[in-house]
Structures are given as structure tokens and as C-alpha cells.
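What follows is a pair of complexes built around subunit A, which joins subunit B in one and subunit C in the other.
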Partner chain A sequence: MIAKAAMAALSAAVLAITPASAVEKPKELVIGITTFLSGPASVFGVPGKNAADMLIADINAKGGILGVPVRAIVIDEGAGANQLMSEYRRVVLNEGAQVMLASVSSANCLALSPVAEDLEVPNILWDCSSPRIFEDNKYKYSVRTQAHTGAEMLAAALYLVKNKPNFKTIAGVNQDYAAGRDQWGLFLTALKALKPDVQVVAELFPKFGAPDYSTEISRLQALKPDVVVNTSWGGDLDTFVQQAAARGFMTQSTFVLPLGESSLERLGDAVPAGVIIGGRGDHYFLHPKHLKDAAFQDFVKRYHDKTGAYPIYPVFHMAQAMAALQDAYVKAAKDNNGQWPSKDQLLAAFQNLKFHGLTSDVTIRADHQGLEDQLIGTTIRVPQYPFAVLDNISIYPGALVTTPIGDKSAEWLSKIKPAMASDPSIETFAAAK
Partner chain B sequence: MSLDIILLAMLDGLSYGAQVFLVAVGLSLIFGVLRIVNVAHGSFYAIGAYVAASLGIWIATAGWSPWLSYPAMLVAAILVGVIVGGLLEATLLRRIYGKEQVLQLLVTFAVFMILEDVQKVTWGVKPYFVNTPLSLLGTVNVLGINYSVYQLAVIPLVALCVLLGLRFILRYTRIGRIVTAVTEDREASMAMGVDSSRVYLFTFMAGAGLGQIEGAAVAALMIGLGRSIAVYLAPEFDVLMPYLIMFVVLLFKPQGLFSTLQTRKV
Partner chain C sequence: MRFDLLFGAIAFCAVAGVPFFIPWATVMLTIALGVGLAVLGVVVLLRAGQISFGHGLYYAAGAYTVAFLVQARLGLDTLLLLPAGALVATVIAVAFGFFAVRYRDIFFAMINLAVSMVAFSLLEKLYSITGGGDGLNVARPTLAGLKLGRVSFEFWMFYTTLAIVVVVALVVGRYLASPLGKGLEAIKSNETRLEYLGVSSARILHIAYGVSACLAGLGGGVIAIVTGHVAPEFAYWVRSGEFVFIAILGGAGNVVGAFAGSIVYEIVRNYAAAFAADYWQTILGVSLIAIIMFAPQGLTQMRFGKKRGGA
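Take a look at the complex of A and B:
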């Protein structure tokens, strides 16, 4: 009994003189990354992985994070939700991943965020865009290092009403799945608040992965809408644009492609001048504010040399996630007297963290949602590139276009005022010469 | 619904139906003769498209005449039919003729999975596009709508040629009569000296490159027209329409659109 009491007293004394937050510095920082390596969304997932490979090599070349080398374990989201969940758990529990980066798919982010809470693992939502993640839930372990669909669609609507104020009719062609319907719904909500007299002449939802859009194109040509909005991506967007261009439809109406930045290079000469393009954030390899930034230029060149393509938005999103990871560890260690931080200290460091990826700074809000600027431009053709580039670029501050904490995007967007389109915080740039 | 809308919907439906027919005819021919539901048929279609796109890109890169992209598509279909279809039939499917349908489904599903990975390994995951055949023939204006000549004339014409060509081969040529004989009664045709293995190989290669032919044509046309009318009048039913048509056909003609009920041999 006396021995037990003595032992308890000794333990208490040891705990009293040792900082509660002292965590042994690991030999390596294992991170798990979920991304699409197969399936249609691999047009985003593979560039994201390529970026992660480059960025991790850069971090390790500089000695790692706080002197700890980073090692990534990549999980394929294309294998399906069940296998993804199993792999996610395995990587955390068996492989010892200290931080997870998930996911490209919003459905996967919605499914994995509660799993991260169960596993008590910091979870960086690196690319997914559903506003529901932090509007419908509160997560301790998940943070998002980019904007959500609400901000992306609002920026596109603001750009449209500012630059094409006289249009009267609009049609939407969007992929028939949750995100496609959400994107169109949020865009339309914002647009009706900004321009209440707009007339919607068609809402088409072709099958996800459809190989032929000729009927939709004929229907739209017959309706002659002033504006056509298409939030598709990847092969779906490419196929639609190629088929529409071959029939001269791309010049009949003003097209708005909020995710078009990711297809511009692949589409070559199919995209004419005058198409409104968004980049899911302020992501563009000819970003007017960062063209003279040596680090930006160096990364774009190295990425192009490595992959043969210019970086697209998931590359920039991965850079933001990696920057947030690195800066959060540095901030947490600083707050911990230079020692390797605990999990809770790392999570605390993400709060109000301002970090720089490759383009504009991003701030993580108290609700764990990232405030990310949005870049929208209009295509022009220039001799330097065999594909359309952007002109008349507007950059919308994240703080302006992101749904305030506590509000739901659909509700908030329905209450915005038309004056927002002329907010002085919006910057506009001509094309990079 | 104005007359213009009906006409436009019919043109779009005809074009889409022709595309569906070109895929369905191969599946139908293989099922009709070999009695195998080839789950991997879509992979043949995809690999054919990849080969055609690769050849098209190669022609453009080499600076050759863009008109060569049309024969390149035919070459792609023949290459895939002979090489992929021939190899698969000779090495795998020949072992499962007459076996339980569950086994046939599992084997062709496995082939589908393997071929999907073969596509990824060979062509990666980025979309490939060759729009030369689509844009080269220009457009034609019908009732104020620009249609590509490729969509409105070439695809339906190719589908019509395939339909008439297959009907001619099956009815008026020796090989066609042998295929029909094997389809009707394999045992009797073998007793007459027909090498059914060679017929199966030929059918699979032809079916993989490109099938009750009339049934496939009419079903494809129904789906094409149904889908286009939905897009014009009730877009929410666009995705549902092919399944709705399939449901109606299965309800009233479960044995097939142009098949008659067969008595079982005892």
C-alpha cells in the first residue's frame, strides 16, 4: 500500500515537472493522401499526386518539417467508398500516419471527416468543395485549405453580371450527380439575387460520363440563350466543348465554365475567345499577381518539365495543403517552445492560420473553412500558346465571396446585393503579355 | 409541341440511335451466336476508341492528310476486333461455351476489369480527343440549328451500311448461312461438317469490332428517339429514358423484339 502510494506520488511529481505537451520528435512524418488515381476524376487526382511528390521532395530536400522528413502514403479514391474508408483507417492505425490529406471527392470528404474524428487524426480537406462539410457539422480534426462551391459559384456569377450586364436568358448544362446539381443550384441562387429578372430557359443534367451531347447542344441552339453555364469537368466538359465547338455553338452564346481552367490546355483550339472561365480558387499558371514571383515561376516550370502539362487547380490545392501542414507544424512548435508539438497543439495551430501556397494567401477560419481568393477571366487567343488563355481577369477576395460563419450558403447567397459585383476589393487584370 | 421541335428531336434521336446501334450490334451478334452476354463488350468499344484516337493523333503529328483519320477509325475497329477479340475468344471464351451463365458472366466481368487496367496502363488517365473526323466535314444548317455532317450523315450512314451489310452476309453468303445454321442448332450443323469453333471465332472478332440485328437497330432507334424527345420536352427524364424503354420491352417482348418464343428441346 505504501509502495503504491509512493509510486503514485512519484508519478505525479514527474508529470508536474515535465511539460504536458512534450512529444517525442518522430523519425519521419507519415502523411496519408487520398486522391483519384483511377476513374474519371483522375484528371484531377493524378496532377494532385504529381504535385504532392514534387512538394514533398522539396520539403525533404530542405531537411523536412522541423527537421523531420515527410513520407506520403497515397490511397486511390477510385477504388470506391468502402475500400477508401478501410484504407484510410489502415493507413492511420497500421502505417502510423500522423496527418491525413483527404480528398478530391466531396462525397469522400463528407464520409471521411467523421472517420477522422473517430481516429483522432488531423485531416486536411485538400481539394473537395461541398459547403455542407462545415455548414452542417462541426469537426475538431478536419480543416479545409481552400474555398467551397458557394464561393466558387458566387465569383462566377459576380463576374458574369459585371461583364455581361445586359443578358436576359440563361441555360444550365450540368453533370447529373450531387456536385453538379449543387453547383448549378448555388450559381442560380446567387445569380437571381444579383439579377432578379434573369430568365432560365433550360436546366439540363446529362448523365455523368456521357459520350455524346449532340441532343443537348441542338436543344440549346434552338433556345438561343444569351448565357450557357456548364459546371462540368474532366472528360465530360472536354467532350461537350469539342462537340459544341464543332457545331459553332461556342460563339452563339456566352459560355460560363466555372471549372474550365482545368481543361483549357487539353481543349486546344476548341475554346474560342470570349468564354468565361473559373479556376476553383485563384489558380492559374499565368496568375497576373504572381507571374513575377520566382517561387511561382520555378514551380510552374518544374511541373511542366516533369509532366508535360501546365499546373491546374488540384496542383495548387495540393500546394496549399502542404503549405498549411508545414506552417501549422512550425507555428505549433513555436508555441511549444520549439519542441515537436502534440496533436492538440497542431490542431490549435490551424485555427486562423494564414499560409501561402503558390498563389494568394489563404486563411483558415474558426469554423475550419479556408478563405481562398477566386480568379475568373475571359478567354482570348494569343500566338504564344496553342490553347486559350485568360484576359480581363478578376480576383475576388475570399473574405468577400465566402459564406459567413454560421450561415448556410444557399440561404446567404439568396440575400446578397447586386452592389457586390462592384465591390472595391475586387481586382481586375489584363492578360499576361 | 411544334413540328420543328419534333423534326429536330427526330434528327438528334436518329444520330444518337445510330451510335447506340453500332455498339449494340456487336453485343447482339455475340449473344445471338455464342450465347454469351459479353460484359467486356464496352471495353472493346473503349479500346477501339483509344486506338482510333492514337492513330488520329499520330496522323496529325506526322503532318499527313487529315482525311486519313476516317480510314484510321476503320483500321482501329479491325485491329481491336482481330487482335483483342480473336485472342480473347481463342484463349478464354472457348473454354466456357455451353457452361453455366453465371460462370460466363464472371469470366467476361473479369476480362472487363483486366481490360480496364490495360487501358490505364497503356493510355493513362487523361482524356484523349481527336475532333478531326467531327469537324472536317463541316456543318449543315437545319431549321436554324447547326449540325455536324459527321453526326447527321456519317454515323447514321455507317450504321445503315453495317445493318444492311450484316443482313446481306447472314442471308446471302456461305459464311452467313453457316453462322445462321450454328445459331439455330450447333449440334446439327457440326454433324453436317461445320467447324463451329471457327464460326465462333469469326463471330466474336466481327462482334468485337462492331449483331438479332433488326432488334438491335430498332431498340437503338427507340432509345435515341426517346432520349432526344426527353431532352427537348422533359429533361429530367433524359437519364431515365433508356431504362424505361428497356422496362417496357422486357414487359411485353421479354424474348426480344423480333424473336419468337422457342419450344425447349427435350
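Take a look at the complex of A and C:
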């Protein structure tokens, strides 16, 4: 009898805490942003947060989204996946966040996408790069406002075979963790399809966060590969490049650094001319197509004034996520006779949404993957900047380099044709003078 | 023991009421109880004066077992997954125990640390099996045969965990009071005398090692199901260190301490992260220093010490 009564009470409680649905215009739009505020990846996370602060202030100065001011709650990814997941939950359930922006780390995006599904909260994957997210799963609530590793590595491989057609040997130095192995794996798959006779002389995976690369550099100097690919980032990339530069290695081989854009300013003199650099999308503070845009110029200047550094790719990714959020709400409201949209209407608006962040427009495909252009260039030294800038920039359209819907990146990249490197849709620019 | 039971009963009532009064804390408390199970495993070994800096291994063993079984789509129920995780952890511990229980003190701590770090590297490197650093997602299993939605699953999973915790606390309390448990205290105070009495200290410690791994595996399984994700960091030494820390924080003298410690730890950590995303580590550190300074015997010992007139 008591058990029955207890069961009834518990069931009632369960029903009572089930959230009710209502679509009223809220007083404020709460969004949650997961980003690294601590740990090595804070080199991306903190610029991303700074950008979010600026962009949200801009949105609110213009009256917010559909007249609703935006308030962001930032969650630190540096605490590890488990705490991140309980924080994410807390921000959605307890703080009432209506949209979440997750995450810098691919591991965290892979972990959080099912949580977003579970919590039924629209989730913008603003910076993470794993192609597995939408290739292995279908998510209703997650959309990605940027490209994935497949597109980024393909663009770098296309640029390499186009601009250095005569190389024979290649070596890879990549961080020993899931993303580092994914990046190198996809790059090599694409490269082998484009240039089947390429010879891989070394595949090195130094420890993530390694403080010393002298063994790797010695080995590479002995092997003398024509091309060295290093997909690492942050402190790892900075340390590697500085140690390689000190030993004169940076000029002996052609270096390909697909995430190098984020380190150029910090590395200063260590990066010589002739290094191939990518920026996870068409992200560059001297973007040849957008350098003259008033909004672009204004943002780059304000960002530099505020933080003392030029914007790097997570800043551009954040701008894309914010633009997508804003445009999706506007589009959804339009489809809802100007009323504040429901969750489902907002999600529908993300489908095929074309939005403009700071650089080229991005389109979200039916599978929720963003089609983002890729910018790859070669460094030169100019007197205006105390660090290397990019010359001979090629921009690869997102539609060209992104794995088609339904295909898996690894399989698709193994089947691409060498002619893709000369596709007419690729644009090439000289350095900004 | 009577104080333990009384205190435990009060704590149980307080915790059991939480979902009704503060529904959002349900998941946080379930996690705290799951971690508490692993901490209790460390507490068992602390009875013998032995510290393991490698219990993350057994915690991860339980969690990954659950993750693999769920990924295998066998349709296993939560109530089967949890014992399976605990079983795998126990089997590993019994096998490894043949080496581990020969060592004492710092060597015991270190050999546990070493093995857990090997497991950590394997989980990171065997990318195709374990998902590497990305870890594995754990789809929500059924609970007692019922396919539940998020809210009701969280609600019932909390009570399932609480029920497990109550049973485990009673059984472990009984175990620690039994000759096998008393033997652990003897190992701490005078192992030679214990051997002269004709009792094998290696055997006593081996059993305790198995019990403590079983608890850690059970805790890992609960966490895998509640958070829906497992990652190699479960086996990382920082996680193992956390268990030892919480054990000392809660007070190693009694069973309730493990859970009290882990609930306090989880609350402090959550609030620190909520109110200062930039400085949460600092807040966590400072509050833990404060607890050590003002309750050096652990939170539960502080209360009991006064009642018992300084135990």
C-alpha cells in the first residue's frame, strides 16, 4: 500500500517536472557557449569567447534578435567531457538556454550532440571539425556552421599538388590524439588519390602537448622529405616550428601547416617564406575578397584594438555561428508571420540557410553540414607585419571540397580525381599589398 | 556503527527527497553517488592503510564494459549492465591483484598508478575499438525493462543508484565489521602480528582489492549510463587522485563519508563552474583547502569526533 502510494507520488512528480511548451517572445534569448577557457586549447577558446562577447554586444546594440536581447553563458570545455556534459545540461535545464553553441573540441561535439538531442535544444557546432558527427549519425537538433576536417585537408592537398607538382616524398608529424590522427589520415587519403606515386617516408605522432620535438626533427632532417605536413595547433605547433626553425629545417622542406593561420602572429620570425598555411575555412585577417568590406575592416580593427591580436579562425567561426543564429531566427519568424518561432520552426530555418559571417557566405546543407570555403596560401615576409603573411592565396568553394551528402569522407576522398586541383571554381589571389 | 546507521539514515532521507524539491540537481546527485561508489572502493583499501592512485582503471573498466555492451546492441537492461561492468572490473582486479597485493604503501600506490596509465594509453591508442580520445557514446538503455524518456529516466536512475548505494553501503559496512574487514585494520597497524596469528594478509588484501575494484566498476557503469559518454580520461591518474581526495575529504573512517564527500565535491565543483567559468579551478582549490584546514579528519569525522568525544 505504501509502495503504491509512493509510486503514485513519484509518477506525479515525474509528470510535474516535464517542461511545458509555449512559444512566447522571451524577455531575453539565453544562449550557452562551450569553449576552452583553460588548458592548451584556450588558444582557440579564448579568442572565440572574445569574439562572442563583441558580436553579442553588437547584436544587442542593434536591439537584439527580433527585438530580444541576447545573453550568453560560457562553459569551460577544459574541465573534461563529463563535467562539460553536466554543465551543458545545467545551462539548458536550469538557466533555460534556448540555443547552445558547442564546441571547440571534436571529442566534445561528439559527446554533446546526443545530449542536445536528448535535451531537445538546438545546438550549433561552431568550431569542432570531426566529419564523423554527421557522417555516422543523423541529428535533428545539431547544425554545423562551418566545414569539417575532410574539406580542410582536401583543400590543403589540392593546393600542394597544384603549387608543388614535382615533390616525391612526404612526411607527417601530427599530434597523437583522435583529431590529429583523423587529420593526417584524411590528408593522406586525399593526397594519394591526387598523386598516387607519392612516397610516405615517415608518419610521426608525437605526444599531445609534447615540449620537445628534437627527435622528430632529427629524424626528418635525416630523411629529407620534400614535404612535411603538420596538422598540430597551439603550443604544439609553436614549439615544433620554433625548434625546426632554430635548426634551419623550415627552409629545407616544404612545410604544410593546415592550421597554421592560428599561429602565424605568435610565431613571428620563426615562419619563413614558402610555408603552405591553412586556416580551417576561408579565415584570414587579410582575406583578399573581403579586405575591402567595411564590416570586415571594422571588426578586424575593433578586435585588434580590444585584444591586441589579429583575429584567427575561431573568431571567424564564432562570427559565422552568430550570423547563422541571427539569420535563422529572422527567417523562422518570417515563416511564422513575424511571431517568435518555436524550436521546430527555428530548426527548419537552419536547413539550406545561407548566411554571411565575416568572410564568404556559408550554406547549411540538408544533412546540417555547413559548406564553407577553404583558403590556403603560401607565406611571404613583408615589411608591414612582424610575422609572415599569405601570398598566392587559393580559395576552394565549399561545394567543391565538401564530402557529398551520404558519403563518408575517407571513402569519398579516396575516389577524387587529380583534375580537381585545377577546377575552374577555385580562385587565386596575390598577396595584399 | 549505530551512529553510522543513524547518520546514514538521515543522509538517505535528505538525498532521497532532492528530486522533489530541486529537480535539476537529480543528475548531479546521481553522478555524485556514482563517483561515491568508486570512492568507497578507495576507502576500503584505506582501511588497510593502502592508497591506490590507479582506481581510475576499474572505474574505466566498468564504464567501458557498459559502453561496449550498449554499442553491441544486445538490448541489455541497466540492471544487467551495471553488474556486468562491476564483474569485469572485479575480474581484472583479481587477476592483477596477484601482483598488486605483494606491495605496500608508496609501491602499492605506484603499481596501481602504472597499470591504470597503461590502460589509459590503450584506450587512447586503440582508436578503432575504443574511439580513442573521442571516447564512446552510450545510448540510453532500458531501466527495469522500461524504455523511458529523458526526464523519467533521470528520475528513476537516481533512485536506482540510490538503492544500489544503500545496499552497497550496508554490505560494505557489514564487511568492514567482519573478521575480513577487521583484518584490514590489522594490516594497517601490525601486519607481522597478523601473519603470526595465522592469517594471510595477502589474502585479506586480495579480497579487499577485488571488493574495491567491484565498487569502482559499479560506479563507472553508473556514470557511463547517466552521462551517456565514456572517455579515456576515466582511467587517467587525475581521476584516480580525485577518488583518493574525495575519500579523505569525506572521511575515510566510515562508509557514509565516501558519499558525503563526493556530494560535497560535486556541488562545489558545479557551483564553482556555474558562477565563475574563468576561475572555477581556483574556487574549487580554495574551498578544498578550507575543508582540509577546518575538517582535517574529513567532513563526517568532524561530526562524529565531537559526539564520541574524540574518536
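Operating definition for what follows: the second predicted complex is superposed on the first by the 411 of 433 C-alpha atoms of A that agree within 3 Å, B and C clash if a C-alpha of one lies under 4 Å from a C-alpha of the other, contacts with A are read in each partner's own complex, and residues count from 1 in each chain.
In this section, contacts are C-beta pairs under 8 Å (C-beta built on N, C-alpha and C of every residue); 3 or more make two chains touch, one makes a residue touch a chain.
Computed from a predicted model, the values in this text were never measured in an experiment.
Participant: Regarding the shared-chain residue A:238, is it in contact with subunit B (first), subunit C (second), both, or neither?
Facilitator: first
Participant: Using the touch definition from the top, say if A:248 reaches subunit B (first), subunit C (second), both or neither.
Facilitator: first
Participant: For A:218 in the superposed arrangement: first (subunit B), second (subunit C), both or neither?
Facilitator: First partner only, subunit B.
Participant: Output check: A:81 vs subunit B and subunit C. Expected answer is one of first, second, both, neither. What do you get?
Facilitator: It touches subunit C, and subunit B stays clear.
Participant: With both complexes superposed on chain A, which partner does A:209 reach: first (subunit B), second (subunit C), both or neither?
Facilitator: neither
Participant: Counting only touches as set out at the top, which of subunit B and subunit C does A:38 meet: first, second, both, neither?
Facilitator: both
Participant: So, does A:274 touch the first partner subunit B, the second partner subunit C, both, or neither?
Facilitator: neither
Participant: Indicate the residue numbers of subunit A shared between its subunit B interface and its subunit C interface, in ascending order.
Facilitator: Dual-contact residues (subunit A): 37-38, 176.
Participant: Subunit A touches which residues of subunit C in the complex?
Facilitator: Spelled out, the residues of subunit C in touch with subunit A are 19-20, 23-24, 27-28, 31, 124-125, 127, 131-135, 137, 139-140, 150-152, 155, 159, 223, 227-229, 231, 233, 269-270, 273-274, 277-278, 280-281.
Participant: Hey, which residues of subunit B end up touching subunit A in the complex?
Facilitator: Touching subunit A from subunit B are residues 4-5, 8-9, 11-13, 15-16, 19, 120, 124-127, 129, 131, 134-135, 139, 143-148, 150-151, 227-228, 231-232, 235-236, 238-239.
Participant: Flag every residue of subunit A that touches subunit C in the complex, lowest number first.
Facilitator: 10, 13-14, 17-18, 37-38, 73-76, 79-83, 85-87, 89-90, 93-94, 106-107, 110-111, 114-115, 118-119, 130, 132, 176-179, 181
Participant: Show me the residue ranges of subunit A that touch subunit B in the complex, using the header's touch definition.
Facilitator: Checking each residue of subunit A against subunit B gives 37-39, 42-43, 46, 176, 202-207, 211-212, 214-216, 218-219, 221-222, 234-235, 238-239, 242-243, 245-249, 266-267, 270.
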